[in-house]
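Below are two complexes that have subunit A in common, paired first with subunit B and then with subunit C.
For the complex of A and B:
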């Protein structure tokens, strides 16, 4: 015996349909607009301006009017930040998953959660304060630059790395631990020889997502040394350009329609980059799920 | 591996973890230390005023505080119902076949850089607002709408995982009792998810109040409290970004760190609140 649906059920159904249509529509409009404005600007000269690409890439010829220096800046920034954050994040994740217990574990994970929730501009402000302190004490000429930005970005992605590592290790089947123990492994051996290799995929997933996050953040680098026209990054303490800042700068200060087209094309490039990272992470994740659900590893 | 190397490894891992965890305290200590000058004496009075005129020695951050709260609350009011509706669609109120692609779209949204949302809004949404109403278009309305789009994926993924958890535990029982999917959603899943919904709201709010780029690019940045949705406003975050770039007076800097301390305390409160919600849920089971 079925009764006709009540009014409130109809309302919920209608509203959820509306929401489910609205959100993809927004994404569609966003992508469509970006493609419409950005695709005409996609070409080699978008990256290299009038400089021959090979000269720019191999002989570091200066590039004016192109995205290449910004790409180089973002690349060095991401590499440096990851170099700082990945070892720290993975080690902390393993410790929280396997060693920490009781109150210590609760306190440490609370700190990590708190770090994850802090607005990114505060990381930038922290870096800025660090420079103010250095100027007052040991290094009067200290200034914001590449290394400082990388440090602050490392703080930004650290909690992601810690929690993905921790979840990857904790999510492994209990049988793996038992196997190790039954073979007479010590706890350290179980962690190093069994759990870590098995969790590698999941950890790698986290690293890729963190790369995407570090590449797109603008608020942190805004306060710690990015500028509009620095050319290729020359030293660790020097100023540099970066893709997301370049887009932000052009959106506010563009002078010609060509520059605006460049901004949209740069946004497409950046979106492609973060989208690629995201797709890679999803791919790995899907493979991972399958691996442990069917119980066969290869 | 001998016992001593085991110990050593554990020690090293502990030290590294302590460094990661303490970095958050270091950030707070730095903010507080540099904000101290402005908390002393008459500077505090000027900090808690409605006027930002650094040249006259007035460093009021109340307009920015209001701006941050207005923007975060309004974008949550816009985003939360949408996110909730989308999750209801996925969990029973909509077409089951559309659920997976819909969630895939939402996951993709998390990978879109903030600056891309900002760029598209500046050249699509702002001109629409400008021609539909009057003024420059850079307003509370533009920033609020864009910020809502930015936080929708965060909200959807949090609510979705909460719903999923509930449905896993009660789904079969409810189906056996003859609940239709919509009834199950309305009578069981939603009431049972109250705490998870609360956590999603606080985390989403934290994300909304902490974002810098969207208000910086879209809100017009006038340092006075907004009177209407079409007025420009300035948030604490964009205030920090704007002033660091232009000023160099030491009391000005101190007032920025005071803004930073406030933002930090907001995220601390959010985390403590969530801790409490989570703790109660565990003890319920």
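For the complex of A and C:
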């Protein structure tokens, strides 16, 4: 016998539906607005100014008045930051999930939560202060630049990676550990060959979150080496341009409506670039997963 | 006997004064036991009497559970020599390969059928690819699964039926070339037909491996066992005489009394 749903159930159900629909609606509106304002500004000259695109891409001809150096800057920045943060974050997450015990585990977890709560502008200030300290002590010529920004961004995204890895590994069924042990795997082999690959999906979500966060952050790079017209990044310690800073700069200081359109177009490009990096990460994840599950990668 | 420690020639597992506790709560208390070659040796007892803990004490798998503490002596005769399971110098990994285990519910890894067998071989023995393939096929044939999975080795093992998964788990343990097989209620989660297949397999395997089976099924013990041990609340273990476990009614009567 079914009874008619009570009022509370109806309200909760309605609210759940509304919440579920609100998310895609907000994404749709945001994307629509960005497309509406940004698409008119998209052109080759938006990227390369007056420089021939092939020269810029292949022969690293300097680009003035274009987004190309900023795209290169953001891409280098994210790759560097991920190169620093992903191994460290995954290793720390595994340590917390599998090896740390008791008091040490609680203290370390608290530190990770604390790090997650630090505003990005503080991370930028930390980088800036670090350079000042280095200049006064061991390296008088040290200056802000790409590597310092990447380091600070890595610190910023580290807690996401640690927490997602830790939760993903801890959430795996105990039977997996038992199976590995019963087959003569050492604890290290259980972690490396069974738990880590099985937790890959969760870890991958953390990496996606970290990529997005590193690609969009403006506060950190503002204080650690980004400038408006540096050109393509030339070295690890050199100044560079970046898309979020470019957008911020244009939106704050535009003189003509065309410049504002350019800012919207740049925002669209940043979105596209981030999407591209997500796709790359997903592809890598799919390959790794297939290799683990079947022993082949194709 | 030349000295007091020398075990019987035919025994393969020797347990002396074994105590196992979890978080300070004793589960096995001062148990002595010898298990002979071949078998199957069936371990019966009430739920919670410590059968599984006793089984896991043999390959030291209790250590994977928090708060476990084991005292006493467990010696296994494998590779032509006696090894002390709990001696500091004993390789835990080698011990667990030599005393393979099959669990109550099939615990296939979330991998393809082939990979379930090959991953342990590669990881623990670092075998080359062709040797892995050979061992995989041999193990799958040994459990009569090869003909069923030959053409779909790359599909996830979880797509197999429960009985097939359990046979895969058995094959996975066999591929590591153990001498002892510990089976923890291997048919408990299977339907009648699949359970019968596993039983038939055990009857075949007993000539090549030493089998120790924890079971709840009296009729299974009645059909298969060479020796039946009854564990009472972790404290004492008693071997049933053959005329008792060969006689279905006598076995039932004894178990009613004990359990």
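The criterion applied here is as follows: the second predicted complex is superposed on the first by the 238 of 298 C-alpha atoms of A that agree within 3 Å, B and C clash if a C-alpha of one lies under 4 Å from a C-alpha of the other, contacts with A are read in each partner's own complex, and residues count from 1 in each chain.
We adopt the following convention: contacts are C-beta pairs under 8 Å (C-beta built on N, C-alpha and C of every residue); 3 or more make two chains touch, one makes a residue touch a chain.
From a predicted model like this one, the values you see are computed outputs, not experimental measurements.
Applying the stated contact rule after C-alpha superposition, one finds that A:227 touches neither subunit B nor subunit C.
With both complexes placed on chain A, subunit A has more residues touched by B than by the other of subunit B and subunit C.
By the touch criterion defined above, A:35 reaches neither subunit B nor subunit C. Of the two partner chains placed by superposition, A:280 touches none, neither subunit B nor subunit C. Shared-chain residue A:198: touches subunit C; no touch with subunit B.
When both complexes are overlaid on chain A, the residue A:24 reaches subunit B alone and has no touch with subunit C.
Contact with both subunit B and subunit C is seen for A:189 once the two complexes are overlaid on the shared chain.
In the overlay built on the shared chain, the residue A:61 is in contact with neither subunit B nor subunit C. By the touch criterion stated above, A:177 is placed in contact with subunit C alone, subunit B being left untouched. Shared contact residues on subunit A (touching subunit B in one structure, subunit C in the other): 186, 189.
Residues of subunit A that touch subunit B in their complex: 5, 8-9, 12-13, 15-20, 22-24, 26-27, 29-30, 33-34, 37, 87-89, 91-92, 94-96, 99-100, 107-108, 110-115, 117-126, 128-130, 132-133, 155, 158, 162, 186-189, 192, 212, 215-219, 222-223, 244, 247-248, 251-252, 260, 263-264, 267, 270-271, 274-275, 277-278, 282. Residue ranges on subunit B touching subunit A, taken from their complex, read 1, 3, 5-6, 9-10, 12-14, 16-27, 30-31, 33-34, 81-86, 88-90, 93-94, 98, 102, 105-120, 122-124, 149, 152, 156, 180, 182-183, 185-186, 203, 206, 209-213, 217, 237, 240-241, 244-245, 253, 256-257, 260, 263-264, 267-268, 270-271, 274-275.
Across the complex, subunit C is touched by residues 174-179, 181-186, 189, 193-194, 198, 292-295 of subunit A.
Residues 59, 61, 64, 92-97, 100-101, 103, 107, 109-112, 114-115, 118-120, 123-124, 154, 156, 172-173, 176 of subunit C are the ones that touch subunit A when the two sit in their complex.
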